[in-house]
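Chains: A, B, C and D, in written order; residue numbering restarts at 1 for each.
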């Protein structure tokens, strides 16, 4: 099947796949800027994300057996030139980006038409495509400085996207500004770290850097670089104490943006963390392994409990889910912190699964918002009766978030617990249990409000038109995926396992 | 009698020079410090100077905002288009070598870099100007009496 | 479901239990029960039982056990109830919010 | 799927019927579905030719054994299926779609859990019982039922989480997910035991039962009484047979509820406490271990499903028809509900363990096991508990509801009607089974996990049981005559739920207040101490200071710095 799929493309196209992934949305962005209205721009965005999704599959299949694709930008051979390097670790992330951006764009048309002024819609799609370009670039590049550049491209586009929520709620502007300040700090930290690394190794190519770092464990410059990179990327990924930007940004951005960002942007930042910790640095370096236990795993555990507690106190549904995202990120960090192949597998698995859950959840909230304009948990009451289809999808994804069996949430929690047990980390297992209970608490609040309470009178009158199928379809695809991949977990588990192998392969020591 | 006669005359002399200097920086970017980014800023400065002297409205007439938007897009298209061209000619993305058959003098490299830098120039020029317009458009112009 | 019922709300089959409402039923019932208990306990002396537990083989043991358990339970309930009983809406009734 | 699903678990038709019922608005069709589900499951049960593990499914890299049919599970499975059918019959007149669906899914989950061959499957159904059953409580639709349901759900889910945690630990150590004897030696065993203990309503964790069963709907309480606790008994018998600690717990559990059952005003509460006492005997028997004791526990569980179910049915009928089951407001109902009274008496006889009822056959086996082992004191205590059961359930339930003189200001008997036909059929069938299995006790013993060579109808046993019952009856009549019987009256009897509903709540409130005050005073002290330093800092970093107050990003910047320092320190000391 894989061969049949790959045989559809000429060899020349296959060879250019990494560049096509980045170039397509970039060209699309330029094109969308000059298009007159929202709908043509949307067509461009749809086309670009379709290309991205298709080529994400191409790249995934090409790297399936542990192959590594090295693509020399402009024909300049690495390590001097900029290299795009696709391996088992970033191919799944690219797939995630491709598929979720495609689903997101399908979802976007009615949602954006509702939330963004018509005049700005084409620019909105252009910005989205720039953001996608940046995210894909970050994921595929093999060059540390190039990664910074793409990171900034995606971040700046993200600030704009978040600020677009201002038409609904002026607070989106402060949220975006905050995000900008902190994101810039994160990026600066990262680039400082990269600078230090360049100073110590004399190279910017990450693979080359890894080879040279093998002998530099005791180098203080390298250690400082490590600290800057971890903190910088941790901020981008909303690692626990550095997550403050996230809740506001998610709750005031347009619905589509939240759904898209929640399932991709932090995931990409998290990928860069894995790339740096495991691939560029090495788990075997003493300062890295110490940082695992004392920083990454510890913050992961604290984060997954503290943020879950905080989520329990929220009144705004989107804010609640945003805090839950921070908590869920704790699981992934814990997976990393365990530091074994099983741990990284669990982390990546949860990364993929969490994208499925949160994508569906935020999309469902978007549907609620377009129909009734509801945001707070209180407003959700009775939606089970008035919008059963959306509410069911929301519930499925919500249960998956808790980790109920028969959903993917259970699978990834499962792997995480096994990985923690292999390492003998009982406290981590206990923390996972506590955090799951907390998750049950906040998801329970949402579901209780949706299903058990009766709808307010006005809800029945204020109903707008029927919900567009274009919003329902991607949401249901994600919700079904949440169940499907429990019963057929092999594909995603294999993806995660491949990613872990690629991450741990690192440089030979 | 316009009180800014001196400024107007001087700026009318200077603006073409600034723009030409921008282009000079651009074309130098090929083999010495310089390039599309700096050139874009310089050219944009030319327009800004015009706006300072003659007013933003005048500048908007000379360089309308829609051209700015189009310029930004066009710049990116040029940049990305060079990459696509190199694909079509059988190279990697942005592999300039394939753009020109003369490899002895690296003509492809020269051509590619200049084209790409033109894209950069356009985009930077447009974006800088867009930012300027956005900020300048917020406050009313300084009235003549306060000069 | 016919009009033949003598009393409203009385089920046709209620005759089955009509004897329990007879004026003498309570007194007679008490006597019958006490006599039956004594008779059953007395049977032990007529035909000794075997039992796995040594002391349980003693005549009248089970009757004493039943009597003791019931009396202790009933008498102990008084002080316990006095100390543990609270008014009905102690935890808040249906409209409180605990 | 290595072995194609040859035999699916009988849980499947029941759960599917529940899901179907949820989607079927037509009353007649829905009722047909609710009856057909258990019948289909029974057919599947009988279709199994030989013991073995069927229905093996591969999910997420794990092998789930969904249908383990062996000596222990087949008995419980059959009883649960029968109970599901009786419940469906009982609910024939019920109009609530939610309850029909929840009852079936809950019953199906119970069946599924019994047939689960591995801990993961067990966990799955374990949680499903909790999730499905809570709707039977919520269906009462009163605020207090809602809160009781919430508490119920929390503790039931906690049990599930503990089960999963313990299972993971256990499987990690044992290297297998099989659900067999677990024991307390194995790591994780203790955690699993706590999970089971919650569902089995061990003392101190029993409140979910005694609180929520009386709050459930008439139909709901019947369904609830059948599955959860008996499932826990099954799990204990399989996992922890012969753990000595269970004997002590069982004795406490058998004696402790006697008082509460005696004075409770709500007759369904009496039944809940009485159920707990019965469970205590079973738990003690499991703790004793050995074939006879386990067999006795199994037989008691079967009997308990039948007669407790029957009593909950009759009390449910009373609640449905008379509007209350408060002993202080009932009396004289025999006039209006003579058949229900008859069935109640059958249930009472069974719980009193009158010879020729199923209770006698069950209890005899369990208690004799203790006697044979020479555990005289335990035997005596359990005997006393079952003698007390005669008093607090066997006599109290039928007397208070049906035969006591009608109360002043109580239910007006003349306005009460006999229960509808469906209820009567279900009660009749259950009453029939109570008597039938008591006479033909061989049929029951043949199903037990071991071959019983025990004959309950020895002279000594029959006469001694009759002596106990007669003595208790006489004592009751005598003391009631003397006015020494604690007559029921409305009121709340404090149980350990006071610990969390009052004490815990109070402590939490007090703690909240205290922290509040502490913060306030701390603020004060810190303010005074830090004023000078703060003023200075403010002067130095004025723009940043204001910035950080207006925009939280300032605070985060500090966090970022702190984190950087942390990583640097870690890295520094690590190398």
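As a convention for this text, a contact is a pair of C-beta atoms (placed from the backbone, for glycine too) under 8 Å apart; a residue touches a chain by one contact, two chains touch by 3 or more.
Quick caveat: nothing in here was measured; it's all calculated off a predicted structure.
Remark: the per-chain Cα centre closest to the mean position of all protein Cα atoms belongs to A. For chain pairs A-D and C-D, the one joined by more C-beta pairs in contact is C-D.
Taking the mean of C-alpha positions as each chain's centre, the chain lying farthest from the centre of subunit D is B.
Centre-to-centre, using mean CA coordinates, subunit B is 102 Å away from subunit C.
A separation of 43 Å divides the Cα centre of subunit A from that of subunit D. Centre-to-centre separation of subunit B and subunit D, using mean CA positions: 78 Å.
Spacing of subunit C relative to subunit D, judged by their CA centroids, is 26 angstrom.
With touch defined as above, subunit C holds no residue shared between interfaces to two or more other chains.
Contacts between chains trace an open chain of neighbours here, each touching only the next in line.
Per the contact rule defined earlier, chains pair up in contact as A-B, A-D, C-D. The residues of subunit A lying in touch with subunit D in their complex are 174, 177-178, 181-182, 185-186, 189, 217-218, 223-224, 226-228, 230-231, 234-235, 241-242, 244-245, 285-287, 289-291, 294-295, 404-406, 410-411, 414, 417-418, 421, 429-430, 433, 436-437, 440, 452, 486-487, 489-490, 493.
Residue ranges on subunit D touching subunit A, taken from their complex, read 59-61, 120, 123-124, 127, 138, 157-158, 161, 164-165, 168-169, 172, 551-553, 555-557, 559-560, 562-564, 566-568, 570-575. Of all residues in subunit C, those touching subunit D in their complex are 7-11, 13-17, 20-21, 26, 29-30, 33-34, 36-38, 40-41, 43-44, 47, 49-56, 60-71, 73-78, 80-81, 84-95, 98. Considering their complex, residues 69-70, 72-77, 80-81, 83-84, 87, 90-97 of subunit B touch subunit A.
Chain contact summary for the complex, subunit A toward subunit B: residues 12, 16, 19, 23, 26-27, 29-31, 33-34, 71-75.
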